[in-house]
Amino acid sequence: MKDLLPYIPGFINDAMKSLGFFMPEIVLTIGFILVVITDAFSAKKSNGPFYLTLISLVVAGVFTIQQLQYKSTELFSGMLISDHSGVLFKLVFLMVGLIFILFLKNNRDFNSHAKGTGDACSIFLAVLLGMNLMAMSSNLLMIFISIEMVSIGSYLMVGYISKDNRQTEAAVKYVIFGAVCSAIMLYGLSLIYGLTGTLNLSSPELIRGLSEVPPLVSGVIIILVLVGIGFKLSVVPFHFWSPDVYEGAPTPVTAFLSTGPKAAGFAILIRFLTPLQNGDSTQLDNLLFNFNAILAVAAMASMVIGNFGAIWQNNIKRMLAYSSIGHTGFLLMAIIAFSAAGFKALMFYIVIYAIMNMAAFILANEVEELTGSEEADDYKGLGKQFPLLMVCFVIVLVSLTGLPPTAGFTAKFLIFSSALDSYNASGSVWLLLLMITGAVTTVVSLFYYFKIPLNAFLKARETPYGLVKYTSMKPIWIILSVLLIVLLFVPGIIISFL
Amino acid sequence: MEALSQNYIVLAILAVLLPVAGFLRVLFIKNTSRAFFYAIAGISASFIISAYIFTAVWNNQTVHYQANWFTIGNTTISIGILINNLAALMMVLVTGISLLVHIYSLAYMKNDPLIHRYCGYLGLFCGCMLLLVIADNLLVLYMAWELVGFSSYLLIGFWFTKDAAAIAAKKAFIMNRIGDVGFLIGLFIIYTQFGTFDIQKLFGEQGLVGSAILHNGVWIAASGQLPAMWLTVAGIAFFMGAAAKSAQFPLHTWLPDAMEGPTSVSSLIHAATMVAAGVFLVARIFPLFNETVLLFIAITGVFTAFLAATIALTQNDIKRVLAFSTISQLGFMMLAMGTGSVAGGIFHLATHAFFKCLLFLAAGAIIHELGHVKEKENVDFDTQDIRLMGGLRKRMPVTFYTMVVASLALVGLPFTSGYLSKDAILIHSFEWAKSRGGLFKIIPYTALLVSWLTTFYISRLIFKVFFGEWRLQKKLNAIFSVHESPAEMKYPMIILAVFSLFFIFSYHPLLFEKSWILSGFDQAESLQRINAFHTIIPATVNLISLLIIYLCYRWYVKPGFAGVAQSNFFYRLSESQWYFDRIYDILIIKPVTQLWTAVYWFERRVVDGIVNLAGSFGIISSSVSAWVDKYLIDGIVNGVAVLAKRIGDFSRHFQTGRLQHYLVTMLFFVLTFFVLKYFTQLL
Amino acid sequence: MIPLSHFLIISAVLFCIGLFAVLSKRNAIQILIGIEFMINAGVLNLVAFSRYDRINSGGQVFALFAIVLAAASVAVALAIILNVYKKSSTIDLSKVNQLSD
Amino acid sequence: MSLLSLIIFLPLLVGLVILILPASLQQKFKYITLVVTLIQLVISGFIYLKFDPSIAGIHQETQFQLVEKLSWIRLDLGTAGKLEIDYFLGIDGLSMPFLFLTSLIMAVAVLSSWEIKTNLKAFFALFLLLDAAIMGVFCALDFFLFYIFYELMLLPLYFLIGMWGGIRREYAAMKFFLYTLFGSVFMLLVIIGLYFSVVNPATGNHTFNMITMMDPANFVQGSIFSAAANLELFGISARLLAFIVLFIAFAIKVPIVPLHTWLPDAHVEAPTPISIILAGILLKIGGYGILRVCFSIFPDAASQSSWWIGLIGVVSIIYGALNALAQKDLKRLVAYSSVSHMGFVLLGIASGTVEGVSGAMLQMISHGFLSAMLFFLVGVLYQRVHDRDIYSFRGLATLMPAYSAFIMVAFFASLGLPGFSAFIAEAFTLIGAFSSESVNGWLPRWMAIGGSIGILLSAAYFLWTLQRMFFGQPRLKGGDNWLSQLSDVNLREKIALAPLALMALLLGILPSIAFDKMNTSVIEFVRFITS
Amino acid sequence: MSIEQLVFYFFAAVVLISAFFVVTMNNLVRSIFLFFVTLFAVAGLFIFALADFVALTQVVIYVGGVLVLMLFAFMLSNKQLLNDLKVVKIKSVHSLPAFLVALIFLFILVNVIIAAQPESISWLQNKSNWLQPADNTVNQIGIQIMTRYLLPFEVVSVLLLMALIGAAHIARKDKV
């Protein structure tokens, strides 16, 4: 008791100082509370929570953008670190969040949900807060808590509507799978703590402690932690849940899960790996193990399984789920080629990926609302009936494939660039294999992505759908598709932030 | 002089272009009525120009003019005209005969609805032929060479609605293409070795070809060197081109089929001019040929002559007899070339052009008139079958007499032009063989034999057509009337008959050496003149020829000749044209057809198949991956279950939920890593 | 004093028992129990190590948070399981397999 | 805005305009497109006249003409240096002829688009997009830009084949797309590798400038594609591997045996205007790419692999021709003849001689005109009776004399009749191939002789078709019904065909109009790659 | 062996044996009650690590919260249970792969623990940092939570609120 007394003022001061860097999160928290309160006291169909959420997003966005200028700072006695990359991730989350909340607002499932969407807004804000914390965590405890926060929120969002047994099934699979993974991760974290005596990622004791034990020990422990992160990323072999969950979950939630938490997973992966990678590399190579080999195998497996698995699918959401596994593998390439350029490439890819994946799900949802089907076979002849929609869809799919004239190409290009650059420097054969796998799976991805235009434009349907109008998401998917083309020509508007 | 030369150049170009203008006209104007007028006007002008140039050039000067055509890399390819004795002679020959054939065609083609095309094609042919003759550049020569082939294709297939004509045209073009490939390979070698196509530079005095030397198996020229083999290859390649065009063995089979075209065309192109282009080519590039190639040419020539003559013996189609005769005579010319007598070859080319043209025109007159009969009497018979002719001497006297003159020239009896040129070749070949001795003697003796065979088949033709009774009437048991052909046809024939006599070529009826054409060319190889040959050979040839003519008269005119046994092997061999078409069919066409069928099969089944396999690779791999996703999980579990069955008995109850499949698999992978880690650490 | 490794081994055994439950049980609630065992194993580790960390008490605090989070997850998981039961009338997860390739 | 940008972006802009215009105007779209292509034709004609033939280009940036260089993307990538992507256009003797070819073929393709009846708006918008992309490929000197245009061609083609094509159009479109993408994805890797291996000496940044990539001095010491470092990947020299990858990417377009099987399918299934563009221009992009990229950037690897390329060329010539002989479908026959004719291009390029490369260039241009003409003619027939089977027709010459005349011109020009461009082109590729052994020892002589067999075979299949379909007594599968449908070529078709025939003839008689403009470049190119 | 050790191993034995039975038990209700025993025993182990507050929390949250929740859930989801408590025979431990995976995991983990030599980890050697049985951990944890771990504490509150709202939303009946 006495031992601690001298530290108390310091902690308090530190906490007070940190609040200044914590504005976006505070805003989100306040928003969360306000939404909870409003929801409790307003009618079920009230728009209040929605607008409150929107406002908190915007305000948080303003604060976050301000943070871009700040230097990297430790907050709350090393619980968090506010640095440039974290802020970028937070911006991505906000962008995804903004699209998501609009998507949710205009989604038929959510609108017709008897219990209202107010709770969804509050859960969403909490998840967003969790994601922000994930991006900033520099402490094992914070990592655990923030991941749990995002996970629990995600389980709730998946099971939110539970309109049929498919949705509940998705939710239960997600929750059990997630709980197992986080339990394994907790066990790993406890051992890291045991070996190093610290929870702080940036502390030198962490590396020292890990390098004192035999590589078997550190390797196993780190892998145990990576299970939890891998689950968030849905990287092979922790991907099994994602096709089922993505298929079963309400479409806006799927769109959100495949972008936001995934990006947060990358943020935390970088946080977690950075001390391990940036340590004394010679020592690491000797004492720890070669992460790159493991990550490379996982990345290649993700690309292969994701892309090849997607060919098989007829359900568009399931297909996109597999494709997002493939994209994760591709993104891992940038992690492996970790460097300044690699980070920029990664960020750029994540932004573009978020836009295009969101857009893809929005478009798939649009088609679903127009035709009532999620099956690729039912896209036959849609190009004729809904030219604008399908043209946008094609742009998005082209971007997902990574072909010009879309930003998806630039993104892919940058990843390849960083990989090759890193290869130039290191000569690691893994990178070469990764690039080849990436190139091959790009071709493969054409098979399934182009199933949609193939059906929509090249095939005809006997009985066209009745007269239906686009939902109010129309301006959003148009903007997103156009953005994908515009960003090819002026990638600077994103890159200048990086 | 310079200015005059300029005039010749313009004139020569005009001579080429005027006939072609007729062709261009056809492309745009479908008017048939005045087609002939323009065509004849064009060719007449061309003829007059040619004659004018001839008088100026012959043994006097060489007109050579060049302009840059295009530059490729650092090499400038020129285009130009080179009119020397050879070219000038050919010009006159071509335009003169063309003019006559044009006039002849006026009547011959009168009723054809497409005569404007006919005129156009003829014009194209004349232009290209003239270009071929005056080109100073092997590349241009080659172009003209193929273009005459093309116009020949058009003309053979002129009656394109007849399948036989269309097929014959195709055959002619493709066989010529085979030769052209040879020609082209020759061009490659020339260009690689000398870097130019200029005929004057290559083959003129102190030309590049002449000054190139063979040293240690290397053929060294100023601008490059090749292994010596390529000199021979070049010679043979060029000769391959010449052989195809001049219907030499083994590329001769297109010419008889080419008789499907109008007879006037046959006479102009497939007897007098175009087919002689091969001989012309050999003369143009003569310095290129080395001993080996020359011998090759000589042997090919004499063999072709023999082959064609034997075939001509038994043919019943009047045009085919003449066609084989043409091949045979072209063989003679080649023989002359091969034995080094360029002059003799060209001389025979000139004389042969006239009398063979005449033979065809006469045959055409007969066919034409019989065609009238066929049309008028509305009976169906083959107008070209000599078995259905006979006794036409009285009915078509002009045709008869002119054709006899031409036949005599072909046989080579004194006082005809043929006598001179044929003797030139025969005697020269004997002298040539004498100087070499040994087996080389087979060549002149074969030539001798061929000239008797020639006598036989042409006599048979004349006697069968003009003497005796008209077998058609007998066969159909009716009376038909046939009369002399109209003036447009008659007069060209008469003119040609005059040109088949000796005085056009030499003032001395019996001594070929006095001929002015021979004096226009250098004797490539000076052989020892053996006087005995100059008397013995003509005498022997002619005496025996007369005997043969008598024999034929006895056989074909006098009754009582039973005919040769048609089952005789030699007869069948001859009649079926030595089975060449059949052999080619079996040896070349069938295998090639099978080849392409096989290749296409390969394409579809294998190449495309592999690709489709690769394409379905995606599907296969996806099924693999789906298999991984779907069955590996089950599979591992089931696999372990099978193991469990062997251990215990509770495997039947083995049922786990799917979510747990996922977890098991996931952990399985994690464990795999752990185990790996564990064991690598132990290592 | 109890040696640290004994704690660790006990926790490892507990973890694996939990894991076994998770992998083998078909009843959703039993699976949850398995997960709780795994979490408890982690917590046990933390607590055991925390004995040597008087100043920061990182382990104990972490353990507290872990317990609280586990409770929250269980609450959410049970709510979802209840929903599954409502829709599918079963809590046997091996029968919940509509979503698959 | 300079001419090159104009020629690229004019169609793009008009394409957008067409998208915006109401569908009620759709009958006008073809005229709008025609006008655009005609303007392009005028511009490229002007460029042709203005082009200074005495400047070589190839590997000297200063010698390119109509250069436009704007910095486009500048990204600071940290350790990977600054990303330097330029909007860099320019032409030299190797690219200029293709501009003219493209404009002319595009105009003809528009004229043949009259047969398109459905969804005109989309068709012409995609058409113009394709037009812009192709122009861009020929003008781009920045590899990144080049790649973008190169890939940009794929999409419109996919839809143009897939939406307006024949019965198996989906299969054909997908096959085409996959093939080309397969090549180009790996090309992207090589491009990035080159980017990291090369620095712009002026700025010290890595660069995508193709011209900079051609100078070995600009390669970073020890970088992956540095000639000096001579690194190995999978046991092969990295430069050779990169060359092979790029070569395959372009060779798929050319196409070579055995990567050609997309071509018959795509050509047969594509609507006529697209067949025309495919055969007339797209295939040339492969050849152009091999010259501009493969050989220029990796001359050392080129000399190592020329024997194989030559062999591929000869095999393509003969294999394509033999397949053409076996075809019953006229369009398929023409497609296989393309394979055969493009084999000459490879042979000529592989010879590494001035004659060979000039011949190859001319062959590309000539084949551009001729194959466009052939496909147009097939389209004319198909449009009338919806049949292309050679055995369904006989004696067409009687029924359609003008059509037959055009067919004759196209066939004979294609089979290399002197007087037409193909002859000069094929002759000089073969001469180049033959003399190669003497000049630089790249190709053995038998390849030239092997290639000349192709000339013979091409005569065989074209003449056979001519004889089978056009000669003889008229006899049609469709009977009297067809008789009334088989009208002769109309004025529009004549207007489309005449310039093609005329160009083929003109180039055959006056090859200097092409050679003069590119000779300096070709000489420099050959000097550059063989030195 | 001291009393302390004896009691410790007793608790340890209770933990493992009861956990084992929880897992292998066929009867779900019994296994849930056994689970209660396990949790208590684990709490006992916590005390041996001088974490009395954690032990208390364990008992309160798990026994008071989780276990009751589970029972409720089980009973709500199993109407038959109300009729017959025996029910839901879980097909006994016939899942060999699960068993193998767990076993190998155990093998690896034990190996890891032994390889790590926990007794000799360097930071553990600082005896001044050891907790003493006399230390007031509740007090200490209280200060820590309000200072060093302030942020997680606050965040967890948000998390719990979210979980509460969400779980309530999902579990409640659809009514408009």
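Labels A, B, C, D and E are assigned to the chains in the order they are written; within every chain, residues are numbered from 1.
Quick note on the criterion: a residue touches a chain if its C-beta (ideal position, glycine included) is under 8 Å from a C-beta of that chain, and two chains touch if they have at least 3 such contacts.
Note that this is a predicted model, so its numbers are computed, not measured.
Path length between chain B and chain C in the chain contact graph, taken as the least number of steps between touching chains: 1. Greatest Cα centroid separation from chain E: this falls to B.
Averaging Cα coordinates per chain and for the whole protein, the chain whose average falls nearest the overall one is D.
No other two chains have as many C-beta pairs in contact as C-E. Among the other chains, the CA centroid farthest from that of chain C is the one of B.
As a whole-number value, the distance joining the C-alpha centres of chain A and chain B reads 77 Å. Between chain C and chain D the centroid-to-centroid distance comes to 65 Å (mean Cα coordinates, whole Å). Averaged Cα coordinates give chain C a centre that lies 7 Å from the centre of chain E. Centre-to-centre separation of chain A and chain E, using mean CA positions: 31 Å.
Contact of a single residue of chain E with at least two other chains is seen at positions 91, 95, 97-98, 101, 105, 108-109, 111, 118, 123-124, 135, 140, 144, 148-149, 152, 156, 159, 163, 166-167, 170.
Of all residues in chain B, those touching 2 or more other chains are 626, 629, 655-656, 659-660, 663-664, 667, 674, 678, listed in ascending order.
For chain D, the set of residues touching two or more other chains reads 178. Contact annotation for chain pairs lists A-B, A-C, A-D, A-E, B-C, B-D, B-E, C-E, with touch applied as defined. Against chain C, in their complex, chain A makes its touches with residues 3-4, 140-141, 144-145, 148, 151-152, 155-156, 159, 162, 164-166, 168-173, 175-176, 179-180, 182-184, 186-187, 189-191, 193-194, 197-199, 243-245, 247-248, 309, 312-313, 318.
Residues 339-341, 343-345, 384, 387, 394, 398, 403-405, 409, 412-414, 416-418, 420-421, 423-425, 432, 435-436, 439-440, 442-443, 446-447, 450, 453-454, 457-459, 488, 491-492, 495 of chain A touch chain D in their complex.
Chain B makes touch with chain E in their complex at residues 636-637, 640-641, 643-644, 650-651, 653-656, 660, 664, 667-668, 671, 674-675, 678. Chain E makes touch with chain C in their complex at residues 4-5, 8, 12, 15-16, 19-20, 22-23, 28, 31-32, 35, 38-39, 42, 45-46, 48-51, 53-54, 57-58, 61-62, 65-66, 69-70, 72-74, 76-78, 88, 90-91, 93, 95, 97-99, 101-103, 105-106, 109-110, 113-114, 118-119, 123-124, 126, 128-132, 135, 137, 140-141, 144-145, 148-149, 152, 156, 159-160, 163-164, 166-168, 170-171. Contacts from chain D toward chain A in the complex involve residues 73-75, 77-80, 83, 119, 122, 144, 147-149, 151-152, 154-155, 158-159, 162-163, 169-170, 173-174, 177-178, 181-182, 185-186, 188-189, 192-193, 195-197, 223-224, 233.
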